[in-house]
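Listed after this line are the structures, all set down as structure tokens.
You will see two complexes here that share chain A, one where it goes with chain B and one where it goes with chain C.
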Partner chain A sequence: MDLLAQILINGVLLGGLYAVMALGLALVWGVLNIVNLAHGAFIMLGGYLSWHLYTYLGIDPFLGLPITAVVMFCLGYALQRGVLNLVVRAPMFNTLLITFGLEVVLTYLAQLAFSADFRTINPSYAGSSIALGPVVVPVARLMAFGVAVALTVGMWLFLLHSRLGRAIRATAQNLVAARLYGVEPRHLYAMTFGIGIGLAGAAGGLYGTVSQIDPYIGATLTAKSFAIAIIGGLDNPLGVLVGGLVLGIIESLTVLYVGATFGDVASFGVLVLVLIFRPSGLLGKTA
Partner chain B sequence: MSNITMRLAGALFGAVALSAMPAMAEDLVLGASVQLTGPVANTGRYYKDAYEFTIDKINEAGGVKVGDKQYKLALKLYDNQSDVNLSVRQYTQLISQDKVNLLLGPFASNFALADSAVSEKYQVPMVQGGGASDQIFSRKFKYIFGTLAPASNYFGSTIAMMKELDPAPKSVALLYADDAFDVSVADGTRPLLKDAGITVALDERYTSNASDFNSLLSQIKSANVDAVLVAGHETEILNFVRQAKSLAVAPKLYSFTVGVPSEDFRKALGKDADYAFGMSAWLPSADLKDKYFGDAAAFAEAYKAKFGYEPDYHAASGAADVEALVQAVEAAGTLDPKAVRDAIAKLNFDSLYGKIAFAENGQIDLAQTVIQVQDGKVAAVYGAKGFLEKPKYPMPAWNAR
Partner chain C sequence: MKGLRWILLVAALVVLAAVPWFGSDVLVQFGINALLLAVLAQGWNIIGGYTGYASFGNSVFYGLGSYGVAIAMVQWELPFAIGMVFGVVLAVAFAFLLGLPVLRLRGHYFAIATLALAQVMIAIVSNLSIAGQNIGLVLPPLNDDRLFYELSLILLIAATATVFWLTRSRFGFGLIAIRENEEGAAVMGVNTTLYKVLAFALSGVFSALAGGIHAYWITFLDPASAFDISLNVKMIIMAVFGGPGTVLGPVLGAFVLSTVSELLSSEITSVAGLFFGLVVVVAVIFMPRGVADLMRRFRATGWRYFVKNLKAHRI
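And then the complex of A and B:
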């Protein structure tokens, strides 16, 4: 029983981390209709940025998250204005190609710049834990979970209530009508992509604190984020949180009851089931 | 003049210019495909650096004497991007298009397993120092030789040590990744544990590249085992140790097939690397004499000075591979791949890596020394003759360090 409780806690905390990784991907996908295959590479860059802030400037990884997010936002904004806007209305295949290309370029630039060495962001509390009876809650994961929930709810409120958020949703729903109301799509797309990349950067900082960073972590993180975004649905950031939690819990339980090689089978199996039975995601509107 | 005759004239001129060049020492070309990029680039670089370093050293010493001709060593190296399929294509290209004379290996068992099919098919010998899985050597291939100790015995010395520890661990959890090397390690470890009378409380295979070990660690904690043995890759071990700390899982002992000997690994973990056990078939000792480098200590020092990081057994094994090929060519007195192959099978020489002599199946046998991270440094704690240094055992709880 204790073991099950522990596994469920593990799954929930893992799910929070998953959600924050997928948040930016889902936003960009939902609004721009770009499946950003470079998303994991941006998480990786965010991780390196946080690592540098922590290692050379002594900035705590959690306090450094806003800095990482802002820098990554600027990078995302510039990339969208300079590169991706050229293909935003092209067929899906072109956007896949260009983001895949970006992924490759970013990964190899990262190896050139940072070498293939492993990096960990390791503040003193990274390994500490709180004991709740027989169950242990890792502090860094709990904090990461808190950040995930805060970011998700923040995103949700932002999209629902702010002017920019409404403009983003309007553009996603009906571009022509949004333009008639004075939305400037190029700026708006770049803002959206910037926010998506900023979120990826923040996720990278969290990831580096609980796991490790090297130039090649991106591809698997993209795949994971992709699955979570589909499971949760693209309409609503809360859906991504639910998707992350569902995936985290299912993976943890699978490892316990079936075997450690079946974690991915379970998560991508759920992906297939969701695509069959609820194609717009668990919280998405049914057609 | 028409366009075609212009080109013909150009080609002719080029040919004349080439043939008029002065005769230089001929190259003896070694071919290899190594992981310079991709997820295992971190270990792949040991091989690239070791190959180049050793080749330069041998060339400085005058190169290779084959019969009465002097050759200069050259390396034709491809980056396989940590992709097995690409490395198979590259080895095929090395033989059929680049016409290299002999082959050096890639890193990792799954690569060596696939690439050795190429060397076997074209009957060009490959001496590889990156694949230890017993599977590579169980197929009766004649052109593959390996300088890593057999995977099945990686934990042999660790288990021998466990029997002599006080209190001796009674139960273990065995975790291993699902690839050729780690499966061989697990298959070899189970009977050793049984013979030692140690219970295997948890025996779990996990997916290569897994980053989340929380569930497995919770099971380990719940089963309350004394020791944990993990066969995996460095990134996995890093995550394992970090997550063990954050879940306050502290068995009396844990040991890993990789990571502990590597400087980068210890740096990434910092103080948390302490108490981790591992094994190495090679330590940079001045007792290991070498024809080209003097001894292993001198090799390690020169290597660190040149590349800025400490060599571990991967690097030493890679250096030994180059030396093995060179010694075999000199003994054979010809570059004919079949004759060189037979000479490799007969090799018996001392190198910076240890004694190089291949068994019938093509694999070398070296004893694994148990090592442990103590205060950020690697200490050799247990060898063939018993304890070398006192191991730090049992491992204290994480909050008591």
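And then the complex of A and C:
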């Protein structure tokens, strides 16, 4: 029973992190109708950026997150404005291919720049944990979970109440009507993509504190983010949070009861099942 | 003109077939790799280029073909040919069992579902004792590069002939109709589900055969290399660069990119990977219909061809 409680806690903490990973992907997908296959590679870049800030400048990974997010935001804004804008109205097939190409480029650039060795961000409190009765909660994971939930709720409030957030939602619903109301689509698309990549960067920083970063983590993280976005639907960041928690718990339970190598099988199996039976997401509207 | 084309084609084939008799060992080994990649690109062309379903899971077929041969030869001590048949059976079974549900998905959903399947296969095969778990299997060695080269060439010719048949058969027209407008195709009486699954299976057969030849040639395989996702990267990029939905485009793309990548990787390995990524980004922006379309139109439009593509889909 204690073991089960521990596994559930681990799953929930992991799930919060998963939610931030998927948040940017779901936002870009919902607004630009681009499934960014390079999303995981941006998470990887964010992780390396946090690692460098911590290792060479001594900036705490959690305090450094805003820096990582802003730098990644600028990268995302520029990429959308300069490259992806050229294909934004192309058939879906082409946008999949171009982001796939970006993924390959980023992976190999990272390999050239950072080598294939894996890195972990290890602040002084990395090993410490809090005991809650029989259950042990690692501090770094708890902090990552807290930041993740705060980011998700913040994103939700931003989309709901801010002027830019409303413009983003309006564009997602109807580009032509949004244009008539004065939305400049090139700027708005770039802002949206930038926010998505900024979130990916923050997720990467958090990921680096609880797991290992190497240049090749991108593809798996993209597929997981996609699974979460599918489970949670694209309409609402809170749905993505639920999706992340579901996936985190399923993975932790599978690792315990079936075997460590089956964690990914479970999450992708869930993805395929959800796609087949509810293609618009567990919480999404039916198509 | 038409006759001249056939003569050129036959001449090119004769030269290709003769390579093992005058080329060096290195050239023959490079040739086997390039031919097998061309088969994979051509196989992907059937489901991705003609049917319009971006499969990121064709490496699963390749892996199944490799393991079909390896399991038959190592565990059951059967000859290579029966192993190939076994690999094909596995691939077709996979295409029907998982293709039926997955091919109901459109666009992004299909692409990611196949990507997920490819990752799941590595984990599953790593846990099967008949497949040697994550240690892998070692096949009996056969030191005959000429044989492997000619087998690969024959397979490529068969794949290309199949794609050529698609361009002038009822089945192929059905696939193209699905690519252009799936509802429209269904209204016109195309059994879309059946056609899509058959296209997936056909594309799988060629990938599996390529995997089988490669396994026997390399004589060793493990889950990570047999179901290597970067192989998907290569076959898609080669098909897109050459011209998806054309008969010779993917073959051309595979030969050109294999050569460039071989030259680059003699310098630094990761530069070749970087190059592949850049090629696909630039190709999607400037020539989304590949080299085959470029060669057809460039004479008439000149450099404006690139400008026109650049302006076509921006906002």
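The criterion applied here is as follows: the second predicted complex is superposed on the first by the 284 of 287 C-alpha atoms of A that agree within 3 Å, B and C clash if a C-alpha of one lies under 4 Å from a C-alpha of the other, contacts with A are read in each partner's own complex, and residues count from 1 in each chain.
Just so it is clear, contacts are C-beta pairs under 8 Å (C-beta built on N, C-alpha and C of every residue); 3 or more make two chains touch, one makes a residue touch a chain.
From a predicted model like this one, the values you see are computed outputs, not experimental measurements.
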Room on chain A for both chain B and chain C (clash or fit): clash
Partner chain in contact with A:104 - chain B first, chain C second, else both or neither: second
First (chain B), second (chain C), both or neither touched by A:6: first
Contacts of A:220 with chain B and chain C, given as first, second, both or neither: both
Touching partner for A:177 - first (chain B), second (chain C), both, neither: neither
First, second, both or neither for A:261, with chain B first and chain C second: both
Touching partner for A:90 - first (chain B), second (chain C), both, neither: second
Contacts of A:189 with chain B and chain C, given as first, second, both or neither: second
Chain B collision site on chain C, chosen from 76-84, 202-210, 220-228 or 238-246, when both complexes are overlaid on chain A: 220-228
Shared chain A surface residues [contacts with chain B and with chain C]: 108, 111, 220, 259, 261, 264
Residue ranges of chain A in contact with chain B within the complex: 2-3, 6-7, 10-11, 13-14, 108, 111, 116-120, 122, 126-129, 131, 136, 138-141, 210-212, 214-217, 220, 251-252, 255-256, 259-261, 263-264
Residue numbers on chain B that touch chain A, as the complex places them: 37-39, 41-42, 45, 82, 175, 178, 204-207, 209-212, 214-216, 218-219, 221-222, 234-235, 238-239, 242-243, 245-248, 264-265, 267-270, 272, 398-399
Of all residues in chain A, those that touch chain C in their complex: 29, 35, 83, 85-90, 92-94, 96-98, 100-109, 111-112, 185-186, 189, 219-220, 223, 226-227, 230, 259, 261-262, 264-265, 268-269, 271-272, 275-276, 279
Chain A-facing residues of chain C, complex: 52, 54, 101-102, 104-105, 107-109, 111-113, 115-117, 119-120, 123-124, 126-127, 229, 233, 236-237, 240, 268, 270-271, 273-274, 276-281, 284-285, 288, 310, 312-315
